[in-house]
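All chains are identified by letter, namely A, B, C and D, in their written order; residue positions are counted from 1 within each chain.
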Amino acid sequence: MSGTTSIDVTVRYAETDQMGLAYHANYLVWCDIARTEYLRERGLSYRTMEADGLLLAVVEAEVRYRASARYDDRLRIACWVRDVSSRRVEFGYAMEHAPSGRPVATARTALMALDATYAITRIPVEIRAALEPIPDPVRL
Amino acid sequence: MSGTTSIDVTVRYAETDQMGLAYHANYLVWCDIARTEYLRERGLSYRTMEADGLLLAVVEAEVRYRASARYDDRLRIACWVRDVSSRRVEFGYAMEHAPSGRPVATARTALMALDATYAITRIPVEIRAALEPIPDPVRL
Amino acid sequence: MSGTTSIDVTVRYAETDQMGLAYHANYLVWCDIARTEYLRERGLSYRTMEADGLLLAVVEAEVRYRASARYDDRLRIACWVRDVSSRRVEFGYAMEHAPSGRPVATARTALMALDATYAITRIPVEIRAALEPIPDPVRL
Amino acid sequence: MSGTTSIDVTVRYAETDQMGLAYHANYLVWCDIARTEYLRERGLSYRTMEADGLLLAVVEAEVRYRASARYDDRLRIACWVRDVSSRRVEFGYAMEHAPSGRPVATARTALMALDATYAITRIPVEIRAALEPIPDPVRL
C-alpha cells in the first residue's frame, strides 16, 4: 500500500461552463471521489462510517488551478493524507491530464470528525490507523 | 390565493455548459425551488415536513425545452398542482423569460409521499388540503 | 456492435441530497454520459462534433424513477436510439443497480441538431448512419 | 458605493447532501454569484465582458467553513476586492446566516484575465477602475 491513491475521472458535459472549461467548483467534487477511494483502498467505507454515525465534514478547502480541463478530458486525481490529529484530517490532491501527466491543479481539504448530532468528535482509532500522513509528493 | 405560485431565478454561471446555454438538468432544480415556494405560500414548510418524517420523492419528471436560457437570464417559473391522490401529487411548471414572457420550458413532476424509512405513505390531510389541483394554465 | 451501449457510474457524495438518496436531476447527467459513450462506441466524438459546429441540444427529457439510488451505489446505464429523423434523435435509457440488475429508472431524451448559431440544422449523414434505432429493450 | 456588495441566497434542496448540510463545493457557486453582482453594482456586466472576449478564470480558491448551512437557510454573501494587478484580481467573501449574522464561511478567489483564446491578458482599464481593493472587513 503506497501512501497515495489515484482515481480517473472524465470531465462530464454537465461539469463544463460557457467558458468551455470545467467549472472550478467541480474540482472539489473530484477530490471528494478520490478521498472516498483512498479510504476504500485502506479497507474503510465512508458509506459505512456515516451509517455508523461518523461524519467527516470539510472545514477548509483550497484549490490552485494550474491548467484548464475540458469536456471529455481524462484526469487523474492523486490523494494522500497530509496531516492527522485526534479530530481532524487533512488531505492533499494532485490532478493531472491522465495520458500526458500535465498538471491541472493541486488542492487540500481539511475535515473534522463529527458525530450524528454534528458535534466534533474523535476519529476512531481503527480509522485513524489507516490515515497515515506522507510528505506532499508535489508542491501544493 | 391563486392556484399558481411563481418564483424568479437568474441563471448562474455554474448552470451553463460549454454550449453556452443553461444545462438541461438544471431546469429540474428550478422546478424544485418553485415547488418549495408553492408549499410555503400555502403555509407549508417542506423543511418542516421532512423533519416531521414526511418525504416527497420525485417518481416522474418530464421537461419540454422550448427556447434556450443563457447565463444571467432572469426566468420566471410558475408552479401548480395538476393532480393529487392519497399518496401522490403531480405538479406542473411553466418557465418563461421574466421580462418578455417568452416561453422557455414546461415541465411536470410526480412525487410520492414516503415516510422516514422510504416506505410509501399517505399524504397527511392538512397537507393534502393545501394541494388544490387546477387545470393546466398552459399546455405542457 | 449491439444496439445498446452501457456505462457504469458510482453515485457521488455530491449527487446525494438530504433525503439520503441521489438527487433526481442527476439521472439526466448520467444519461448524458451514456449518450456520449454511445456515440464514441460508434466512432463519433461528441466533443469533435461540437468543435465542428454541430450541437445536439436536449429538447425533451422524461425520467421514471422506479427505485432509489444511494451514495456509492454502482449503477449501470444502458442507452439506445429510439428514433431518428433528419434533425432530431431520441434516446432511451435503462438504469439498474450494477451487481443485482434491480431496475432504478428509465428515461428518454430527444435532441435537436443545432448549428453554431443555435439554428436547427440537419444531422450530417455520417452521424445519422451511426444512430440506428432499435425497439425499446425495456418498457420506458 | 461602498467597497462590498452583498447578495442573499437560499440553500436549495439540490445543494444539500446526505449529511443534511449544504455540500461544500456549492459555497464556490455562491461566491461566483456574489462576484457577478459586485461587478453589476459597479456598472460592469460579466456577461458582456465575456461576449467582448474577456474571461475571468478562477486560478485559486480557498474556503473556510465555520458553521453549517442547511436546506432553506437564507445566507448573505458579502464580496469585495482584496487585491488587483494588471492581469489578476482577488476577491474576498464573508458568508453569514441572513437573519442572525452568524458566520458561516469566509473565502477568497483569485482570477486571471484571459482572452478568447485562453491566453493571459491585461484587465482593461475601465474594468480595473471598478475593482477597488479594500482591507478585509473580516478575517479570512
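Quick note on the criterion: a residue touches a chain if its C-beta (ideal position, glycine included) is under 8 Å from a C-beta of that chain, and two chains touch if they have at least 3 such contacts.
Here the structure is a predicted model, which means the values were calculated and not measured.
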Across the interfaces A-C and A-D, which one involves more C-beta pairs in contact? A-D
Remotest chain, chain A as reference, centres from CA atoms: B
Chain centre separation (chain A, chain D; CA means) in Å: 23
What whole-number Å value describes the gap between the mean CA coordinates of chain A and chain C? 28
I need the residues of chain A touching at least two other chains; which ones are they? 13-14, 18-19, 21, 25, 29, 32, 50, 70-71
In the complex, the residues of chain B that touch chain C are 18-19, 21, 24-26, 28-29, 32, 50, 55, 57-66, 68, 118
Mind listing the chain C positions that touch chain A in their complex? 12-14, 29, 32-33, 36, 45-47, 50, 70-72
For a test of understanding, state which residues of chain A touch chain B in their complex under the given definition. 13-14, 16-21, 23, 25, 70-71
